[in-house]
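Each of the two complexes below includes subunit A, the first together with subunit B, the second together with subunit C.
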Partner chain A sequence: MNRLASILRGPGGALLYKEFLEAWRDRRALWMAICFSLMFPVMLAAGSVFMLKKHTEEDTRLALLGAAHAPLLEDRLRGGSLKVDALDGGDPAALLAGDYDIVLSVQDGFAEGYRNFEAPPLYLYIDSSSSAAVRAQRHLQERLGVFRQLVVQQRVIARGVAPQLLAPWHLEVRDVSTPSRRGAMLLAMVPGLLILTLFVASLATSVDTSAGERERLSLETLLLQPLPAWQVILAKTLAVASMGWAGALLALVALVSLMPLMPLAELGIQQATTASGVLTMGLLLLPLALLVAVVQILLALRSRSFKDAQTQLSILQVAPVVLLMMLDMSRAELGGFLWQLVPLVGQQQWLKALLVGETVPLMTLLAGSGATLLLVAVAIRFGATALQRESLLSAA
Partner chain B sequence: MARTRQIFTWLAALFAGLCSAAHVVAGGAAAETCYLDGWGNPLHCYRLPVEGKPETPRLAVMVAPAVHDSGEEPLYLLAGGPGQAASDLAPLLNAFKPINRERDIVMVDRRGSGRSGAFHCGIEDQLSLDLDVFARKLARCYLQRPEFAESLSSRQTVEDLEMVRLRLGHEQIALWGGSWGTRTALLYQQWYPESVSELVLDAVAPIDTKVFLTARAAEEALRTLERDCASDPACARLGDWRGRLDEMLDNWDAGRAPVLPDPLTGKLSGEPMARWEFANAIRTVLYDPGAAAQLPYAITQAHQGNLQPLAGLSGLFLQAAESMSMGLTFSVACAEELNRISAAEVAADSRGTFLGTAFFDLFKHGCRGWPVKEKPYSTPEPREHPVLLISGEADPITPPRYAEVELGYLANRQHLIVASGGHINSARGCIPGLIASFLADPAEALDTTCSGQIGRPPFMVADYGPDIGGVSPQDVEAVGKVSGKEAGQ
Partner chain C sequence: MIEVDAISKEFAGRPVLRDLDFRVPDGRITALLGANGAGKTSCLRIIAGLLRPDAGTVRVGGIDVARDPLGVRRQLGVVGDREGLYERLTVEEYLTLFARIQGITGTALRQSLDDVRRELELEPLWKRRTRGFSQGERMKVSLARALVHRPQHLILDEPTRGLDVLAARLLRRTLLRLRDAGTTILFSSHVMSEVLELSDTVLVMAAGRVVGSGAPQALMREAGCSNLEDTFVALAYGERRVQGGGVPA
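What follows is the complex of A and B.
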């Protein structure tokens, strides 16, 4: 403790102050971090509202040709999400190209065929290249299915048969998910996006503090100071990580504040993220922010120019997110303890659990975060050695 | 170092907090996850011990947890019968999804029903017995558990519900009652007014109404069916089916009575149908508008000697009969209803009806062998709770006039009458939405116009089912010739 205090009082403290000042003074970098941090929670909330609206409110417009051949059919199809227009005639293709999602045609003689048990055809015209086709067909099938069942039931009853004979068994579906777990699907991408926010929010600062300082020739001056190299790297890492962490925290807070606006209950999802869960999520992102910062700084230092550093880091920010998505899609079993020690993978798992209100064992969190911090220390040590190589300074 | 330790303690507290939040604790009783047929999502289930002798089954309590618990009063579902189990109402949860979003829905199987020690007599599926044989079998069932039979009552059920409310830690509860469940709800409201917030009563059996006098109600329901059939061009073609029904009932010859084919096996087995059975079958069909829509055709066919459609219709009600706990039905009906009905009232109710005393006789005979003590109610006192009453216009057992006449003591009531509706309408059309709106804002008057769209299902008019329209059967031949000519050209 005393040693830390003495470092902070000495040139080390001045260095840290300088690094933080430079990081937070850059308005452009700050705005970029803020914008990105707010963007994905807003998009997620708006997306879920839009999805529900589309699912529940969108109507299907059905053109019924030849309704006069089966007035009861027209009557029974009306209702729910199906808007029926009985038309005297018309070309199905033209109607589909116009206002209608779907066209049902009843032919002359339909009623007669129906009465004679001939199972007369109904012609359904669809445009499978249209995005509305599948939904429209489902809406029609639902209404038509109910009416069909009614007719079948009356027919078997007329013959003295209990309608239950038509169902040799009854399939009872039992859903083992809980309303909070059901949120996992909607919120599945959130951990990845939070981690991506870490990368994006700290990108500009990390390039500026490393490759940028080198191009401005101020890095050389910095290294001439009587300071251990590890302190230089550490100060830069802390400054860069502060920016990334703040961005991720902002995104997290924005997401949680927007949750009440999302139609979660309508989607059968319980909003289960707890206040302590949010705090835990914030804390567990800190070691990761440090790791991301130090890796970004090291990569930027070994790049040849400012531009080169930007390019390399842009690729780097996408790579882990893609990796996490691939792990998700491959349905790899990530529950094992060793996986919890792997940076990114561990954090992603914990974020996932905490978002749906589940708990993560304290030991797992501490061990995983410790492993990440250990990597940070190794990286700082590595960076300190690299800084002493002159080649680094003349890379440009 | 001290500071570091502090942070650690704080972190540990944080996680301890997280862990305790994950536990489900409710009133000291541990909830288990369970499922009910007809509803796919997991429920929290409790088995609560109850006081009392001679038998103390544990009460089965099932809670469909709110998707998003916003602290609204839970809704308790009270089942009918008496004898039906609340757990059999699980399919209703599908219609009540909007309500379940923010409220727990609680089902308590009352003692003697469902999972709380169902009091079956082994004759639930044998109602087509000779009345005397039926009464004898029932008496034997009573003699096996006379004390249990005596203990079952509405009072006991309300006390149990109150105990459940306290155990689950619910400050106030909303009640949904269906059929006899409305009686339980109204009694609960009388005895524990502070425990109840709002009531939704579907197919209302007011406290002072003698609901086992059903002949007039059934007659009214049948007349509504006649009216609707006459105004439907296809059904009207069936002619005077009501006259044929009366003719069959008037000229019933026990010696030449038909045997109803078994709708499951198709076999002609069992005893010839008794007149009271036939009348009761007609009455039962009127409960469900979908089944009632097939009645004019089924009667027309029966009049011609074809009993198949009537047999098919009876198949629709097999499961409903099996789910009743007959011991509970008779314990409550004999103690709380039958004893307060006089012979003069029976005569007045049955005069000029198709049903006559056919339904009442079943209970009159049954209660002779089920000698439980009389358990009268006191006169209901005024209550201020918001109440939504729902009636089906053509309900053969709890017609709309019950809710109109006998509930003057409820100051804040609104009455929704479903045109041509049968018994229990809560799951039909827009009604679940109306119930949700009522519970969300009970003081507001509901706009019930949407219920006008529910209507009666299409009538069965021939062996092909409903008339799909177009050309009428009489014209088919002529049109067939014309279209044949056109095709030839």
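What follows is the complex of A and C.
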């Protein structure tokens, strides 16, 4: 601790101050960090509204014209997510342009034709230009199919034929997803997006402080000073990490602030994130922010130019999200202790748990964060060696 | 004193410096004169500890650069061939940074900043960020950075390149004043008039070697030339080695 205080008071502290000034005065980098950090919670909020709308739209509104001619049909169709309004009459096109997804018309002679086994027609009106038409049509046909099967069964039983002869099997599709689970899918994206924010928010700063400084030859000026190389890398890492971490915190706060505006209850999500949970999540992201920063700096230092560094880091920022998605899809048991020590995976699992109000054992958090910080230290050591490469200098 | 002993350096198999030997005496201005590609910048970078020689040793003020690079950097001020400023810092912030990195704090820091501000006429630029500075302004700030810790040794790589008349004059005046105050100065240049005006000793480099060294007048006399340019051409391209002025080569 005393050593840290002495470094901060001495040349290392001066360098750290310079790196922070440079990072936070870079308006382009700052705007990029702010915009992305705010964009993803806003998109998530909009996504939840869209999901609710889609969920609500799963109700099919049916206008049944001439219901008096087929009262049993009306009874059989009614229920579940099919909302049936029995109307005396109306123009199908006008009804479809209004509140209804689909219109079913029963003609005057339907009951008589039904009794005489004449297969009387039912007229189905749809507006195929509507995005809801196909779903509504399928919905109604499924319901009618079940009813038709029932009628056929009754008719063949009445004639002494076993109904099984006509139906070798019977398939029923049952969607077991619940609104809560669909909502959980939405929240499951948050850890990945928070981690992505760390990468995106610190990208411009990391390129500027490494490849940018090398191109402007100010890195050479710095290397001419009586400073150990590890202090140079550490100061740059802290400044870059501060940008990424601030971006992730901003995203987290924006997300929590937007939660009251999101239709979480309607989606079956119970908002369980507490203030202490948000604080914990923020703290958990700090070691990862440091790791992201130092890896970005190392990659940028290895690149041939500022533009090359931008390209490489742009690819890098997608990699963790893809990796986490692949791990999710692989159905690996990520809850195991060893997985918790793996940077990115551990943080993702903890964030997932904290977002739904679950707790994570303190020892797990400490061990996982410690493993990440250990990697940061190794990377700083590696970076200090990289700074002594002659190829870093423009004319070498 | 800066002592360069038998240093050699290759880049990708191409020799840049070959058994380079010279001394830069204390309290004198020494010019490194050479054509493009002669190895001047590589030589200065090795002295500053930015590059490592493949063979040979360099000592600055008696300290071996390879053994104690940080110790050397504490007593060395370097102005590179480009300025390397931080465009989002003001001149005051920039110079404060480098003074603090050199371990100067408190009233000594304030005094150092005041000195370089006055000596290099930086007052109008003091609170401005360095983005958009002219070449002359950039060079002044860069020189101030190299001087803010009052180094015993100063190295400059083509310091007047791109400077206007006034800025070049201020730079020359500053170097002469520093020399008179006892600073050891080594600079590289293409400009003969500047070398003639400033330097006590000239080292002529060609193909990675010192091909002539000595006081300018002595070099001209020994080369049988009436001006420094002819002397340089004769030494660098005329296959003649001239020893003069008492500086070992």
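Simple rule for what comes next: the second predicted complex is superposed on the first by the 274 of 396 C-alpha atoms of A that agree within 3 Å, B and C clash if a C-alpha of one lies under 4 Å from a C-alpha of the other, contacts with A are read in each partner's own complex, and residues count from 1 in each chain.
In this text, a contact is a pair of C-beta atoms (placed from the backbone, for glycine too) under 8 Å apart; a residue touches a chain by one contact, two chains touch by 3 or more.
The structure displayed is predicted, hence computed values, not measured ones.
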Look at A:Ala158 in the shared chain and tell me whether it touches subunit B only, subunit C only, both, or neither; answer first, second, both or neither. first
Just to be sure I read the superposition right, which of the two partners does A:Ala319 touch: subunit B = first, subunit C = second, or both, or neither? neither
On subunit A, which partner's contacts cover more residues, subunit B's or subunit C's? B
Give one of first, second, both or neither to describe whether A:Leu72 is in contact with subunit B, with subunit C, with both, or with none. first
Identify the partner contact of A:Leu362: answer first if only subunit B is touched, second if only subunit C is, both if each is, neither if none is. first
In the overlay, answer first, second, both or neither for which of subunit B and subunit C A:Leu8 touches. neither
Residues on subunit A engaged by subunit B in the complex (per definition of touch): 1, 68-73, 76, 79, 108-112, 114-117, 150-165, 170, 172-176, 178-179, 264-266, 268-271, 274, 276-277, 279-280, 283, 357-359, 362, 365
Residues of subunit A that touch subunit C when the two form their complex: 10-11, 13-15, 17-18, 21-22, 25-26, 216-221, 223-228, 390, 393, 395-396
Sort out for me which residues of subunit C touch subunit A in the complex. 11, 41-42, 45, 48-52, 70-71, 73-74, 76, 78, 80-89, 93, 96-98, 100-103, 145
In the complex, subunit B touches subunit A at residues 1, 11-12, 14-15, 17-19, 21-22, 35, 37-38, 40-42, 65, 67-69, 101-102, 261, 263-264, 266, 290, 294, 297-298, 301, 307-309, 311-316, 318-319, 453, 457-458, 460, 462-471, 473, 476, 479-480, 483
